[in-house]
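Report on one structure; see the data block that follows.
A, B, C, D and E label the chains in the order they appear, each numbered from 1.
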Amino acid sequence: MIVDILFYITALVAIISGLLVITGKSPVTSALSLVLNFFCIAFIYLMLEAQFLAIIQVIVYAGAIMVLFLFVIMLLNLQDDMTLFERFDLKKGFAVLLTGLFLLEIAYIFSLDSVSVAPKGVTGASFPELGTVESIGKYLFSDFVYPFEMISVVLLSAVVGAVVIAKKKVD
Amino acid sequence: MNIGLFGLVIALPLAGFLLNGALGLFNLLGWRSESRKPVVGWLASLAILVPFVVLLFIFLGMSAEDKSIVTYYRWFSVEDLNINIAYQIDSLSVLMGLMVTGIGFLIHVYSIGYMKHDEGFWRFFVYLNLFIFAMLNLIFADNLVLLFLGWEGVGLCSYLLIGFWYKQAFVNDAAIKAFVMNRIGDFAFLIGMFLIFKTVGSLSFDAINSNVGLFDESTLFWAGLFLFIGATGKSAQIPLYTWLPDAMAGPTPVSALIHAATMVTAGVYMVARLSPLFSANAELMMIVAVIGGLTALFAATIGLFQNDIKKVLAYSTVSQLGYMFLAAGVGAFPIAIFHVFTHAFFKACLFLGSGSVIHAMHDEQDIRNMGGLKKYLPQTYITFFIATFALAGFPLTAGFFSKDEILFRTFASGNYILWGLAIFSALLTAIYMMRLTSLTFYGKERFDSHKTHPHESPALMTLPLWILAAGALLVGFLGLPGVVAPTNWITTWLEPSVINVEGHASHFTEWALMALGSGLAIAGLFAGWKLYTTNLETVARLKASFSGLYNLIYNKYFVDETYDNVIVKPYSWISNSLMNNLENMLLYPLYGWTAKAVSGGAELIRFIQTGHTPTYVTFFIIGVVGVISLILFI
Amino acid sequence: MNQHIDAIVALSAILFSMGVLGVLTRKNAITIFMSVELMLNSVNLALVAFSRLHNDITGQMLVIFVMAIAAAEVAVGLAIVISIFRNRQTADVTEINLLRW
Amino acid sequence: MPIDLNLLLRDTLSVAPVLIVLLSGIVLMMMSASKVQSKLLPWVAGSGYLISFLTLTFVTVPSASAFSGMVNTGSFAVVGGSMILALAFLHTMVSANLLKKDGIYLGEFYALQAFAITGMLMMVSANDLIMVFIGIETMSIPFYAMAGLKRKDVRSNESAMKYFLIGAFAAGFLLYGIALIYGATGTTNLTRIADYLASQTPGAFFWVGIGLMLTGFFFKVSAVPFHFWAPDVYQGAPTVSSAFLATGGKMATFMTLALVSMKLFPVPSAKWAAVVAVVAALSMIIGNVTALAQTNVKRILGYSSVAHAGYLLLALLSQTTDGYQALAYYVFVYGITTFAAFAVVGYLEKDGNPVTLESLKGLGFSHRTEGVILTIAVISLMGIPPMGGFVGKYLVFLNAYESGHLGLVILGVVTSMVSIGYYLRIILSLYTRPESTEVIANPAGAFALTGLILAAVIILVSGLYPPVFTGWITSLW
Amino acid sequence: MKLELFGHLVLTVCIFGSLFLFVAYAVYFERKVAAKMQNRVGPDRVGWYGLLQPFADILKLLLKEEIIATQATKLIHTLAPGISVIMAFITFAMIPIAQGFYIADINIGMLYMMAVTSIGVYGVTLAGWSSNSKYSLLGSMRASAQMISYELSMGLAVVGIILITQSMSVVSIVDSQTDNPFLWNIIKQPIGFLIFWIASFAEANRLPFDLPESEQELVGGFHTEYSSMRFALFFFAEYTHLIVASSILTTLYLGGYQIPYSSVWLAGANEWLVAGLQILMFILKMCLFVFLFMWVRWTLPRFKYNHLMELGWKYLLPLGLINVVVTAGWLLIYDKLF
């Protein structure tokens, strides 16, 4: 019961903060709203017993990515953007319409079949300790070791790429 | 007979064509290099020399009866029609092949000098090699289709080479004229081919020649007639001769090679090749002979008053080709080939000589502006002189033997009217040839000697002249008249391949005719010399008193104009009206609007690419929504 | 929580659409970029929910990978924004349209 | 859960080609960071690709799948990997000069390229949607950086930003699609999804997932209406980068698309075909028509790439092995061709001036070899016989026709005819004498020229004697 | 020892309350240490040896006029110090001060600590940005860059400990160090300790890494525009960080509350007595680190910004990586051998 209420409150906060992200006037407002949104999502992860992901969500997204965003916003001293409904023109109306259509289509598939009655996957064994560090670690280094290791290439190339692009001096 | 190397004969000119073409592409892309010119030239010449040598060896190693067919591969096969890339090597084709490659080689060498300063040098040799390749295919073809391939090939090369200096409008006109005239002939040729195939069921010469009996009378006549019309196109006979004089717009070596020695004789060759077929129908033979005789006279008269050095030679060629058809028409097919052979030498020599003159006169072609060139161009003069005599039929020259034999055979066949035409033409020939020589080499210098400094051509050009002149003197002895030698070599050599209807006449008649011929030739030559060296006023007076006739002949009997009025103008009127009404009003707008719509659409569509990222993502979302809708509702 | 999985997936769809809307309407490159991050996060949410639904670890694994990739994207993306800002003193995508038509 | 080291070793060996490229990427990165011998870099990169290629071709892997079904090391991976590595090798031969011309760091470029290739190899050897996603991202992130390598050039910046923003956006959709597929089937493993499909009828979630995933792929292959980035990016990015990201990216993505289609739909799916057909038709029309109005050569090639995405998608309609082989052949030839075209354009541009149809004038005479190669490439793009592009197009059209898409084939032929309009303009400009005699361009170096000639030879050989490559593709399948 | 919910609440209040007290006296302590080092007396007017000085300071700050810059972003400007303090405080929730005396023990306690530390930067960053002053902005940018950079090394250092302990729970980390001082992590992980310690300076914005607030360059850095109580909060947060960092160092590397050889000489003692001794032990160790922090502050000069970054990325990060690899390798070999 408490969990239900907590969930719905979190969801509400998530939606509101999400809206703030896309309507906020200043980029910093958007960024902070996004941080709030990430916290909400982390909280839902916790509810889903994905503790590891929840904490990683906080560390990676809130602690690193968003700080980087803030850093860059400050570095560039970005001016305020226009909010969604300020100077609401045809283009924006069209965008809202399209996004609405998209959401409607997703809603339509919900009406076709519910997720929770979606057939069980092939690997449907019950596994209560799903989200713990131990199980994640175990799978990360057994079944998923290849993608896990290869993810490092993404990070490495991102580092190289970012350095190359953002470097000021040419040598 | 060892024909192992025969493949080279066909392959090398093709290889030369491809190789030079490839080298030439470098030029096209701008790797211009003068130093590559000799490479191109000699490579091309070599590609002709080697086949000549190979053919020479084959020739020396074979006897007249030898005949073999080499099949390389099946070209195509439709139901019961099988066409092979196959070559027939017999006495006729080897002789022709020798002539083509031999004279071809000489002209290649000559061209290296003649074309030296032309920027289309490589292109010229590429065309020449391609021409030789096509001509050899035509000559050695074992079937009509392959012959037709060569036939079209030489036509194409002729077109390309006539239009070689394509930057001038009249050159292009001449090229197109040649091509169109040939196409008319080709069309008839094709019909003839179909008729033959319908009856015989095969197109190889062996099958045709041995199955002449299968034809019914009218089919045979029509098939032969259509083939002959094809021949008149290629060999410039009435009524399709008008392209040849215009073809002189091409470079002179081309005129020598294609429009005198080789290609134009293809019609004669084809008729000779199919001699069993032609000789099976008397009416057909009559038509051939009459057309030949008429052309001989007709062209000779026109030649009498032409002022362009090459045009005179061109009409002379048409006239001589008439002689060849006359010979064929009276059944003397070997003699026709003999005349082809001798004619090749002296006419090539004459053309090359005229080329040398034009070269020396800095592209001046009008003989009225020449004269007295004897002392400037001694070598050219002597060879030209020899060739003139040979063409006029001066006794013991090559032309004498072949022409005399034609006259004799015509007489012997009983066509006295034709004989009369022919012998009159012989007189005219002697006159106009001597007129040409006189006006060019004798008399006063009618050019501005301060501006023009004629000089002898380099050895590269004169050497071929000498060789050809020697040929013009000597090759006649291959076919001595019956009264001198009972079996002349050329007839014996060709008889296994070609029908020969022997003429019968007494020795006395033969001697008498020979004497008449020689006399007329000498008389003509003398008259020409006398009139055009010293008595130019007499000529002018004569012209004035016969001005009507003169104008008629001078304007070539208004044949071009007639064709123009009867065929070209109505045709272009129809074309124009179709273009103006149908195409411009209906079709062009249709196509044009389509094209405009597309490019207009392009101009519109490009503006959805606004450069704004939001626009792009908007379209992205449209795509996503579209894809989901598609996938959900299909 | 399993009874909420429908709701979570719906929430994820809503958040995703918000991200899309943000990308469509915002002008600032960085805000657009944040909207993309919102999209990625909403997908993560759905993945975790599915993972719980199927009792299968794959979803959570993918979430980890997505986080790493998002971090990498941020690094490169912000570097690009910085370099463009250096040259043009703007991060407004509507002003950056030299390449068009 | 103890880790089986033998298994790990075996699995590691079976992905050795990927790791070799990765290793060379790391070495390149180190080298460029320590600034040693920048001249050595292309050699290191090239030899890395070569070794990887040799390993891929000649070392037989112990099993067809590795890393508990994550990786598929079968012949598909060999074909896809080899063509990518071949392209990469050619690009390496050409790139050094181009980089120097553009004033770009050598080392970082090569390192990024190696990482991108690692991603591509991962994509074509994937057997799991996770691997597909990671592969695509591993490929894309270096691409974003490569597009923006010319830091001082606003166009390069802009192209990087556009590519990045839309790319990240598209990645979101791709991921959402994968998530929905996962939600519907409970797995991301392609084989297991196929098992699932064989045993039950998938619901709407699955299909929407497929649709969204497809949009992600369509973005990568620049199919209409997800194509808008392509012309802008190809135009704005340094040409040396465009030459790679327009070709390698397309090769890898198309091969992966074929892989996914092949694994998921052994029984052809009408929904899949319908989506692909519509997008293919749109791409062919819009790509070709818009290109007509362009004057910038790189932009023309960009639209040409859009159009070719349409042609290549046609091969996916039939969902038969023949179709995939036709796709593999065409995408290989297309890749090499477009690479050659871009590389030549790279040489013909000077001081960062864009290469337009106007500035191209006369370059065919002053830069003969480059001109000839560009001509060959463009003719191949037109799909005119002696070149490989014709054979590719023919195979693709034949396949689409046989699978009953006559209308699309006709559309393809008509749009091909339209395409001649703009391709021919390139050749015409090349061989038109310019009004001003001032010719701006640098000659390519001998080494680069060898690479270009090699590319031209591949185009010619694939057109003159297709069995060289068709045989290779079919034998390895 | 199991505590009921009520006991838990009492404990929480106690722990945070005493933390509050400690922070207040840390300021006093700092001034005293500084005075000693500079051969001064330090605060000695308010109360006995000036022991009431902290309360006087607090009172003073509370009574000061609150000035908010007109151009500031009000909401964030107000929130920022709060974030700082709260983030500093809740880290302490994971730290056991005696056996069984802790607010929470979750199995990812270490990760929790990392997470909270990483969020701590928001306070500083937002404070600087919302002040709308260039000094503040520069200070906060330095802070965010510095914290992100050193967090990495810090995390890597912790990984070494996690590898040894095979757990992320803080309690089990303390337990695993036992009462044998030679088994404490400072012995097992000397490099890790060094890295963590240095990184702590940066995380706590202490000299020699106090660039975000370096007075000489940036006036007051991120808190230039803050005054009165809000300034006090930042001040407070800084010393909380100091205490928390010392506590974490104690917990991770110095055996936490473990009394050396207690199992020998305290065997069978009253458990409340033991707990009391353990708390004392913990405070002692913590104070040692606090003193070290202060010692360093009043001894070393400030780093230049580029040196700071270089140290973080070029030395600490690779060192941390090497540490992880060596530790993992050692564990692998140890596993195989024994």
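General remarks:
In this section, a residue touches a chain if its C-beta (ideal position, glycine included) is under 8 Å from a C-beta of that chain, and two chains touch if they have at least 3 such contacts.
Since this is a predicted model, take the numbers as computed values, not measurements.
Listed here as common contacts of chain B and chain C: A, D. Among the other chains, the CA centroid farthest from that of chain A is the one of B.
If each chain is reduced to the average of its C-alpha atoms, the one that sits nearest the average of all protein C-alpha atoms is D. Between A-B and C-D, more C-beta contact pairs join the chains of C-D.
Of all chains, B has its CA centroid at the greatest distance from the CA centroid of chain D.
Between chain A and chain E, the centres computed from C-alpha atoms are 30 Å apart. With centres defined as mean CA coordinates, chain E is found 106 Å away from chain B. Chain geometry summary: the mean Cα position of chain D and that of chain E are 52 Å apart.
Residue positions 606, 609, 611, 613-614, 617-618, 621-622, 624, 628, 632 of chain B each touch two or more of the other chains.
Taken residue by residue, chain C touches two or more other chains at 9, 16, 19-20, 23-25, 27, 32-33, 49-50, 53-54, 56, 58, 61, 65, 69, 72-73, 76, 79-81, 83, 86, 93, 96-101, whereas all remaining positions touch fewer. Each of the following residues of chain A touches two or more other chains: 52, 56, 64, 68, 75, 95, 98-99, 102, 105-106, 108-109, 115, 118, 120-121, 123-124, 143-144, 147, 151, 154, 157-158, 161-163, 165. Contacts between chains, counted with the stated touch criterion, involve the pairs A-B, A-C, A-D, A-E, B-C, B-D, C-D.
Residues of chain A that touch chain D in their complex: 105-106, 108-109, 112-113, 115, 118-124, 138, 141-147, 150-151, 153-154, 156-158, 160-165, 167, 170. Those residues of chain A that touch chain B in the complex are listed here as 91, 94-95, 98-99, 101-102, 105, 108-109. Interface residues of chain C facing chain B in the complex, by the touch rule stated above, are 20, 23-25, 27, 32, 93-94, 96-101. Touching chain B in their complex are the following residues of chain D: 161-162, 165-166, 169-170, 173, 204, 207-208, 210-212, 214-215, 218-219, 224-226, 228-229, 231-232, 270-271, 274-275, 278-279, 286, 289-294, 364-366, 368, 371-372, 418, 421. Interface residues of chain A, counted against chain E in their complex, comprise 26, 28, 32, 35, 51-52, 55-56, 58-59, 62-64, 67-68, 70-71, 74-75, 77, 132-133.
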